[in-house]
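Labels for the chains are A, B, C and D, by order of writing; each one numbers its residues from 1.
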Amino acid sequence: MIVVMEQNATEDQVKSIASRIEAMGLKATVIVGTERTVIAAIGEKRGTFKDSIESCPGVSEVTPISAPYKMASREVRPEPSLIRVRDFAAGAGQVGYVAGPCSVESEEQLMSSARAVKAAGATGLRGGAFKPRTSPYSFQGMKEDGLKLLSAARDETGLAVFTEVMATEDVDLVARYADVLQVGARNMQNYRLLEAVGKSGKPVLLKRGASATMDEFLLAAEYILNEGNDQVMLCERGIRTFESHTRFTLPLASVPYLHRRTHLPVIIDPSHGTGHTYMVHDLAVAAVAAGADGLIIEVHPDPSNAMSDGYQSQTFEAFAETMKRCRKVQAALAEE
Amino acid sequence: MIVVMEQNATEDQVKSIASRIEAMGLKATVIVGTERTVIAAIGEKRGTFKDSIESCPGVSEVTPISAPYKMASREVRPEPSLIRVRDFAAGAGQVGYVAGPCSVESEEQLMSSARAVKAAGATGLRGGAFKPRTSPYSFQGMKEDGLKLLSAARDETGLAVFTEVMATEDVDLVARYADVLQVGARNMQNYRLLEAVGKSGKPVLLKRGASATMDEFLLAAEYILNEGNDQVMLCERGIRTFESHTRFTLPLASVPYLHRRTHLPVIIDPSHGTGHTYMVHDLAVAAVAAGADGLIIEVHPDPSNAMSDGYQSQTFEAFAETMKRCRKVQAALAEE
Amino acid sequence: MIVVMEQNATEDQVKSIASRIEAMGLKATVIVGTERTVIAAIGEKRGTFKDSIESCPGVSEVTPISAPYKMASREVRPEPSLIRVRDFAAGAGQVGYVAGPCSVESEEQLMSSARAVKAAGATGLRGGAFKPRTSPYSFQGMKEDGLKLLSAARDETGLAVFTEVMATEDVDLVARYADVLQVGARNMQNYRLLEAVGKSGKPVLLKRGASATMDEFLLAAEYILNEGNDQVMLCERGIRTFESHTRFTLPLASVPYLHRRTHLPVIIDPSHGTGHTYMVHDLAVAAVAAGADGLIIEVHPDPSNAMSDGYQSQTFEAFAETMKRCRKVQAALAEE
Amino acid sequence: MIVVMEQNATEDQVKSIASRIEAMGLKATVIVGTERTVIAAIGEKRGTFKDSIESCPGVSEVTPISAPYKMASREVRPEPSLIRVRDFAAGAGQVGYVAGPCSVESEEQLMSSARAVKAAGATGLRGGAFKPRTSPYSFQGMKEDGLKLLSAARDETGLAVFTEVMATEDVDLVARYADVLQVGARNMQNYRLLEAVGKSGKPVLLKRGASATMDEFLLAAEYILNEGNDQVMLCERGIRTFESHTRFTLPLASVPYLHRRTHLPVIIDPSHGTGHTYMVHDLAVAAVAAGADGLIIEVHPDPSNAMSDGYQSQTFEAFAETMKRCRKVQAALAEE
């Protein structure tokens, strides 16, 4: 942590900060410049000292040196993590493909989707049984009946089932049916839920909040890891910006950034990340080219009759084409 | 809802959309232009038809006409709502002032704060007992012990107690001690929590999510209203933008915007909205001048030793000065 | 400047950075931590060393300590600047009010506006003769004829004339008629234009670019100051964010921020800052309450027939009411 | 254009809007709903009627139906444009690769760069002779000497020369040496400059402003096209968002979006779009996978000694590897 003092900070203020730093168990080095004094605080401890120093008189700015997360950090665990559930594998060179409808709507709809995405080469099946909806007047999901259908689809196809859990009180129920628990973007900082999925022992797909910084995202993952669950996948699904021709802005630079900071696999969601069916293909292929460890894509037998997210769902045919192109790019990049 | 067709949409596609609209119970008017066809869908029903039409072949864009929320809407209830809890009153011309520490840390800290903010003119006391923290390694609050201290502070001062509830399982506990339940920005779209505070029957202070649109914010309020609880206050606490010299960007235009759309009172949080103590005063006074129905401000006996948010907390003296100026502005604007 | 090395940086890389820093005429202090090495570079020189160090092998991050601007800085000139042109005065406790139409459209329109805003208490007259328009098919302004009308309006009313200059080749012409040259948001980083208005010797109103950071804004001012022209006013007119119910997001926190960093006066534009007539009043009063040194407001005799910006222009009556309230707030805050 | 009236709009207000629309030469269809009245304005004319209607009493919102640009539009010219300059070709299935240093610094630096990027497969050479710099204290470019070096590099290598022009007064000079005139992001709305490069007859690479909407971007292109110059390439170089770990956020969804709306080729700049050398490769390959018509990449013989942008420049080796991977992806996606 580097503490930059105000230009007119007094000697006493500098001394007081230095002692606070020493009291935290860190070593303080005071550097007197011609215009300002700077104090470097160095040590093994990590923590949230920043805030407490920032409010002291005479302090202009505080810059952390170490990342605030530990277990998620590549500095702590240099090798990339591989998450494997049934035939689905993501990380360490493996690319996992998850696809399926936004919401589970019926047996017919889910089973046909599962078969189609399996045939196209997906190894994971997505489908929402508990749906967080912006409006209280929207369809809220089939709940346990939806989970049962997902489970049946897995039994037939062998696909790993990914489904969202919205509340701590549902974790046990969802964990009984699902292979991977998904935490949605709106719940990325629902800390109780993060702790609960951490305790579940199930692999977790954690979606980035629409305005979460990377540090906030990795600290949310840290909440899960901190419960002893190291099966965490990070999902970039787009951030909120001034762009209005896409629902969110999908920053593929998150792939190299996260690969450098964390060992956790990075999954890209081009459906939510764009919000328009016609863009999904291009961004899916681009994500694989950028080095993503997996994709999660909304696919529906009849998008214009979907109960949710039809405007960003691919048909079976479109998804098969996307899978084909993604595989080609994967192969091309794997060559020497 | 206005449906704009693609330029090359076929007559069949137009017909098919028109029938879908009629099937929804709305009246479809087809307007054939020289370049494009437009279909207006008019009727009493509100809902989320937009998404389902948007995914149909031939459709270019869909623009809703009615707001997606009802009970929060000024169209449904034209008179501004007044929320009154003990001496605290906000809305319909009343300005409510809530102040206190970010976190409850000790009896001494809380009681001195409560007395100081009361003396300065506040009618509400804030203080966090359950703290949502970005990092799992940060102080997470005093929990029930904190609630007991808040309750004691109310008994002595008569201030209305505002405190955050983070999870459905805590609603009953928090509601036993608090006067107003606060839903934090990170939980603005935690729908189960919204339903639970709706059912509690307690007044609710709902904070805007850092990247929530106004429609999303008002729909979150709608979840609470929909449970039969009409004691909802909306709190603007800043949005996430590219500005990095403030923690969030505080858009005071939210005040006139919300006053035009909704009858619910609008409270401004200049502490989180700026993230720097030195800015709090100016933005607090500005918020009152903009017509806010209340303020919520972080105040601490010793900000540089606060366990959280010290960098944006005012001292007792600073808060007293802010209150004085806010009152003067209120008085000046109330004159004929 | 603080240079944080990568965790696995070699000793040679550290040495190489230290010598580069010394070669720049700064003093390098190397601090070896348990996890990382940090190098503090201290000295009197300011400059853009950051970029060059950032690209060296082994470097993780570089944080500047000093602001990159000098002449605009409060550290260099601690007293607030007062800009005075005719009866208009802004800064150092004076609040200047500029109002008038977006575009000069006719003698009748301009003269009636000038008289009305003067009667309401404004000391500056705004009006565009050269209009930067998003579309090549929009009205582009009356050009020199507009300037002549502005000049005539000044002769009659004594108001200081503020008008935009869009291109270096127009600076001489516009400077012949105007009292204050306005540089628009779209031209904030048109460096040739900044140099040209700097050389003109005329006071300048510099508008913030819609996505300019504060450092970029102050460096743009520095280009003007660097030509020997210290009559610069900074105009906050809103930034581009995800909010779509306002045209831009108007961050009033810019007032305390800029007051702390720079001696230059800060003018707020609530017309462009909101983009909706009905919001202008509340934000204008709020800006004065936040401590702004001036306002610039669009006023039109008949907003619904304005050739530009009618949707954000006030009528004469509305402006008179806004002025009255702004003055009341100014008076209330000036009291002891 | 769809005009949605306020809920309490009077019949007279509706009539008045309808007559205004007819007076504009459009056909007005009034649709009376149960809650609101909507007026559809249909006709061949395009223009900026929106603003003028928006300021009328009783109007709630106005939604345009047609895009505000014409010549840039795919509706006007359905076939994709191919821009060909020497061996460089972009659009209609061709991918053009432009690379070279941020600034021209010396003969040695430029010639070695030109040879290296040519050897790696580039067909265009970038290099700044006039540099727009955020700070007046930064290196401002070699000016005409730089242009001469670029011209010499073209003579030797045959690469098409891309270089920025910052001001109308430089257009003739730059056009004498360059093959393609580049308009920088900061000048995207410098309309005089757009007109001047339009008149130059040279192909233009127009960079998107950091906070420009797509309509603003395409309207800026329209200014150039409107001068009779149809050799325009659109360059996405990242937008300003809250993300701070990249300099800008690079939205690859711009590729499918622009391909759907305009016939102009879309070039991606992964150097400015990320701001970090280590990310350039992944985003370059991803851009090709997303269907971009070209790339522009900063390459320097010794990035840590570059006079500008070293932190985002690739070495010759890195660029050669990036080219190799881009070509593989291009080939893989071209297969049936």
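In this section, contacts are C-beta pairs under 8 Å (C-beta built on N, C-alpha and C of every residue); 3 or more make two chains touch, one makes a residue touch a chain.
The chain list, named the UniProt way, goes like this: A, B, C, D = 3-deoxy-7-phosphoheptulonate synthase.
What you see is a predicted model, and the numbers here were worked out from it, not measured in a lab.
Peer 1: Tell me, please, which chain's centre (mean of its C-alpha atoms) is farthest from the centre of chain D?
Peer 2: Farthest from chain D by mean C-alpha position: B.
Peer 1: Looking at A-B and B-D, which one has the bigger number of contacting C-beta pairs?
Peer 2: Between the chain pairs A-B and B-D, A-B carries more contacts.
Peer 1: Cα centroid separation between chain A and chain D, in whole Å?
Peer 2: Computed value for the inter-centroid distance: 31 Å.
Peer 1: When the centre of a chain is set as the mean of its C-alpha atoms, what distance in Å lies between chain A and chain B?
Peer 2: Computed from C-alpha means, the inter-chain centre distance equals 26 Å.
Peer 1: Between chain B and chain D, what is the separation of their C-alpha centroids in Å?
Peer 2: Each chain's C-alpha centroid was found; their separation is 38 Å.
Peer 1: Mind pulling the chain A residues that touch 2 or more other chains?
Peer 2: 211, 239-242, 244
Peer 1: Could you please specify the touching residues of chain C with respect to chain B in the complex?
Peer 2: For chain C paired with chain B, touching residues are 211, 213-214, 239, 241-246, 249-253, 255-257, 260, 273-274, 278-279, 282-283, 285-291, 325, 328-329, 331-333, 335.
Peer 1: Quick one: in the complex, what on chain B touches chain A?
Peer 2: My answer: residues 46-48, 51-52, 54-57, 68-69, 132-138, 166-169, 186-187, 189-192, 209-211, 215-216, 219, 222-223, 226, 239-240, 277, 303-311, 313.
Peer 1: What residues on chain B touch chain D, complex-wise?
Peer 2: 2, 4, 7, 29, 31-36, 38, 40, 42-44, 63, 65-66, 75, 240-242, 244
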